[in-house]
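Both complexes below contain chain A, partnered by chain B and then by chain C.
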Partner chain A sequence: MNAHLQTSRVSAALERTGAWLLAFLWVLPLAYALWAAIHPSAYSAHFTLNAPLTLENFVKAWNAAPFARYFMNTFMLVTMILTAQLVLCTLAAYAFARFKFYGRELAFVLVLLQLMIMPDVLIVENYRTMTAAGIVDTIPAIGLPYMASAFGIFLLRQTFKTVPSELDEAARVEGAGPLQVLLKLYVPLAKPIYIAYGLVSISYHWNNFLWPLIITNSVSTRPLTVGLQIFASSDQGIDWSLIAAATLMTSAPLLTAFLLFQRQFVQSFMRAGIR
Partner chain B sequence: MGVEGDLFHEPSGEVGRLLPRSAGDAVAAASRRSNVVMSARWATNVNGWLLLLPSAVLLVTFTHYPAVATFIGSFFSTPKGARPAVFVGLDNYQAMIEDPIFWQALHNNIIYAVSTIPLTIVLALFMAVAVNAKLVGRSFMRLAFFTPTVLPMIAVANIWLFFYSPGYGLVDQVFSVFGVPAHNWLGDEHTALACLIVVAVWKDAGFFMIFYLAALQQISPNLSEAAALEGASRWYFFRRVTFPLLMPTTLFVLINAIINSFRLIDHIVVMTRGGPNNTTALLLYYIYEVGFKFWDTAFAATLTVVLLVLLAAMALGQFIFLDRRIHYQ
Partner chain C sequence: MKWLSSLVGMAILALASTAMAADVELSFYYPVAVGGPITKTIDGYAADFEKENPGIKIKAIYAGTYQDTLVKALTAFKSGEPPDVAVLLSTDMFTLIDEDAVMPFDPLLQSDADKAWAKSFYPAFMENSQTGGKTWGIPFQRSTIVMYWNKDAFKAAGLNPDKAPDNWDELVAYGQKLTKRDGSNVSQWGVEIPSTGFPYWLFQGLTTANGVRLMNDAGTETYFDKATVIEALQYWVDLSRKEKIQPTGTIEWGTTPKDFFERKTAIMWTTTGNLTNVKANAPFPFGVAMLPEHNGRGSPTGGGNFYLFKKMTAEKSAAAIKFVKWMTTPERAADWGIKTGYVAVRPDAWDTPALKQYVADFPAAAVARDQLKYAVAELSTHDNQRVTKALNDGLQAALNGTKTPEQAMKDAQQEATRILRSYK
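Right, the complex of A and B next:
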């Protein structure tokens, strides 16, 4: 065997070991959370094979804070945002893709501006706007800044542009109006993009934290992320088992969906990213 | 094109068929045609703007207006009680330049960005190459790498908080095996920011991996076969062929990583609250603190202007990059 082949074998083995080590490090936080959540607190930082199993932590965490309400709030928030985004972005994307209206180019650049200057950094002014509108501490106030999404508009516009104009013209000759053409032709053809955008949007808003933290201040409006933070930083002290259980609970719906539809998720994030 | 095309063509075709027999007819037909064209153009404009209107209203209200209002607000004082905001010129900017915490936050943010970004990119690339090769357990690896992307930052930050806790935290437990004494990782000015950088890299590397993976799968296997026949080493092939071909992806990932390093501060709220001694205060965290803990909205607006200018510079960079990508096609 020549030396060249040998070095390449060694480097391949190194690469393999490195990859396995990295994968191990990457699952460690989740694996630890699972360990702490299903064992009594005494074992939260003490790792032995004969540690007794328990679901007690989940029960305790669930009863220690109004998590049912937080789940409800997050669910309403995510549904509201996604519904509004799908409708608004579809209409705007259709306008940009198929109507040569006056000021289109300028309007498009102004829309794209939101890709860089996101609502996440305009917290001070947006809080003032919500105060003026008298809707601080409501679920719509959490969602409103995100409902018109430059990202969604851009993604759908690119997709709508790939629909052949001949199909559009044929539908119009049949006597269909602009909205009918949109619903019967464009929307069905863009289904994979809607799914991709939907998954990315749900993940984003399920996990969003800073703006909801600022704009909410009561149990009836707080989403899970804010509820979890209040739970973890308050009088629970440092009971890591409870915090781990609460952490797993709040991530469970997304995590389960991801594990079940892994390929779909990865493809969606990819599709939504490559624009 | 479609809408406009058929609104234009059908009526004008009709007019064309009515061959004008006299000068008067010709004038009438021409004016009718221009009327049809005018009304078609008008319909396109009205329809286009009506479709855009709902999004435009929300975008203007929550993106454009607040961006402009932030800028204007930075020249006024913070209203206190019955005292309304008054014009103070550049006073807020003066105060900002004299504020050591602002400079520290900016400095922290730059350190955070220039360490997080290259680390994330190198790891994402390594992950993609590993997962793309025919390794044992690569579907498990892909799962392990990507999972942090779908988890809430706020939740995983709590787990990392435990990892870093002095004495019994996982980091100290592992280090104690090697005889390293216990250390208050998040409480020490020298290690706190590094701890946050590790969390950020862990959260984002798997997300960026999928873009590299997609790009790697576009590269023809013929290239690596040819290189192997020529006797090129794997590393040489990666350096001279694969990496240059991945350049557009790297630029895309780079821009997104830069934005994330200025936008995401959830883990700071959980793990350090900007401490110890402001060593982990990033720009947006400082804005949050000034705006919503000290309620000094004018000063928070001034700080936001700096962040907006940084993001706008990035936007300009992306437009240039997008332009270049169009030239490639």
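Right, the complex of A and C next:
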């Protein structure tokens, strides 16, 4: 056995250990949440194998706030934002990538500039805009500031640029109009990017907290994250079992989706080159 | 003719006010997340108020924690749509004044009855509600720190289960008897004074007992590096490091009650706001006592006040003051105290039959009230968030052993002085 093979084996073993270690660390909080959620709160810090199992924490957490409504709000919010983002970003990216028009570079720089600004800085200004539009405390008001996503435009533009222009020209020779070319050629080719971007967008808006908190006032518009607040008031002390149950409950849709579409997600992330 | 014109004027005014009355809607920001029992209580109050005061609508907006509510209220204010009434921390008074967001109550309180109302609250609560001769906040959900002890644990340690440690030395002596060790493991600690979230507040329970205040009334000076303050911190640190009757490092505020329920600590310091929680969840008989004394006795007050935001119309501010008065009547204050565990904010609330009955059944509820005569204002200065952070960081550094108490308090004082320089 030569030395070269041996080193590669050692490094493979090291890599495997490292991966297991990272995976273990990653799953630890989740495992704890699961433990705390399915046992009575007296066992949330005692790890006894024969501790009684219970689903009561989930029932309590579910009844602590109108979570059914919050789920629906979050679902509507995320769907609305993603739909609007996909339409707007596709069209904008297409224009930036394939059309020549006066001021294109300047417009693109302005879009990129948006990437540099933290959305939190704009909260007061956004609130003022929503007040002027008369839509404070509505679901569209939560989504509106995020719809024209600079990140999405940038990502799709870069992808569209990698499409060989020969394909584009061939399609046009066949008689396809600009919109047809976009839908039949660019969009299908960018599918992995769309999936990756969609996942980032969904998880970001599923978890977004500050802006929804500020712009919403009522149960009928608040998303899950704001609803989860009820368990955060530490004046009365913290019940880890309830928090764990509520957290699992609210992140369950995302977790299941990830497990179901794991392969597609990982692949599209690798192709899209984003984290 | 003069009477005629004044009559016409009054008629117009009356007409206008009835016409306007139908429209007055007060937005009321309240710091709690939607869904809990407290939401139902507040909704009930709002509904009762609307029934008794036709023409005024209360739109209660539940905004999460105090922090979140403050952010939300200030954002709305800066965008030109402030809330009308809000319950926010009493310590945020200077912040709200500096932002020019709130208005004093005084101009709205003209009649003698109104002025008497403003004086009907416990003076200890008004310390955090007045500055520069004006009243900026009206006490609503206020608390103090008290000491809870496990009577079973006291009995097991050979102590009188009905007597809590009354001074610092006794706390140490009792703590040593109560701390159960097997080898290097401790199965029950003597005492836990939580030190996360807002350690400065618990620390004030020690400094006040040591006869020292942390800031001046104008909120422009702090006294973190006074010898008596350092001494108080030394005592706190010693509980862990020298006497070994308290866990070392910082102690989580949120889980301290749980440690108490699970008998991991025999004594805990926490807010009176926890009384209802402890009553419902402690699996053993427990007692509630004032904080132990040293060179004096005392505890800081805490909790939230009513504030009135600027930019209200005259009709709205009249309705707002009506609402605040209605929410703080003796009966309401008593009811609120019973339902939540907060201290009823005015002495005459304790004379109501409901609260008298409650105290008779559950004497622990009166401990916080009796402690009020020794209570001082919670730490509050201009640029409050940053100043308290300077102190919190110092306290945690000392408790974690990365700085000596003296060094920690000197650094905190230096930082606070720097922050407050522009307000002098």
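Everything below uses one rule, namely that the second predicted complex is superposed on the first by the 223 of 275 C-alpha atoms of A that agree within 3 Å, B and C clash if a C-alpha of one lies under 4 Å from a C-alpha of the other, contacts with A are read in each partner's own complex, and residues count from 1 in each chain.
The rule we apply is simple: contacts are C-beta pairs under 8 Å (C-beta built on N, C-alpha and C of every residue); 3 or more make two chains touch, one makes a residue touch a chain.
What you see is a predicted model; the values in this text were computed from it and never measured.
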Message = If we overlay the two complexes on their shared chain A, which of chain B and chain C does A:N217 touch? Say first, second, both or neither.
response = second
Task = Check whether A:T131 is in contact with chain B, with chain C, with both or with neither, and answer first, second, both or neither.
result = second
Request  = Using the superposition on chain A described above, determine whether A:I123 touches chain B (first), chain C (second), both, or neither.
outcome  = both
Note = The answer to whether chain B or chain C touches more of chain A is B
Task = Pick one for A:Q229: touches chain B only (first), chain C only (second), both, or neither.
result = both
Request  = Look at A:A107 in the shared chain and tell me whether it touches chain B only, chain C only, both, or neither; answer first, second, both or neither.
outcome  = first
Inquiry  = A:V266 in the overlay: touching chain B, chain C, both, or neither? Say first, second, both or neither.
reply    = first
Shared chain A surface residues [contacts with chain B and with chain C] = 123-124, 127-128, 210, 213-214, 229, 232-233, 238, 240
Inquiry  = Looking at the complex, which residues from chain B come into contact with chain A?
reply    = 1-6, 44-45, 47-49, 51-52, 54-59, 61-67, 69-70, 73, 123, 126-127, 129-131, 133, 135, 137, 140-156, 158-160, 162-163, 165, 168-170, 173, 202, 206-207, 210-211, 213-214, 231, 233-235, 252, 256, 259, 262-263, 265-266, 269-270, 284, 287-288, 291-292, 297, 300-301, 304, 307-308, 311-312, 314-315, 318
Note = In their shared complex, chain B is touched by residues of chain A numbered 4, 7-8, 11-12, 15-16, 18-20, 22-30, 32-33, 36, 44-45, 87-89, 91-92, 94-96, 98-102, 104, 107, 110-111, 113-129, 144-145, 147-148, 150, 153, 165, 168-169, 172-173, 178, 203, 206-207, 209-210, 213-214, 224-225, 228-229, 232-233, 238, 240, 243-244, 247, 250-251, 254-255, 258-259, 262, 265-266, 269-270, 273-274
Message = Under the stated contact criterion, what part of chain A meets chain C in this complex?
response = 41-42, 64-66, 123-124, 127-128, 131, 136, 210, 213-214, 217-219, 222, 226-227, 229-240
Key: Partner chain A, residues of chain C touching it in the complex   = 32-36, 59, 61, 63-65, 68, 71-72, 75-76, 78-81, 197, 252-258, 262, 270-271, 273-274, 277
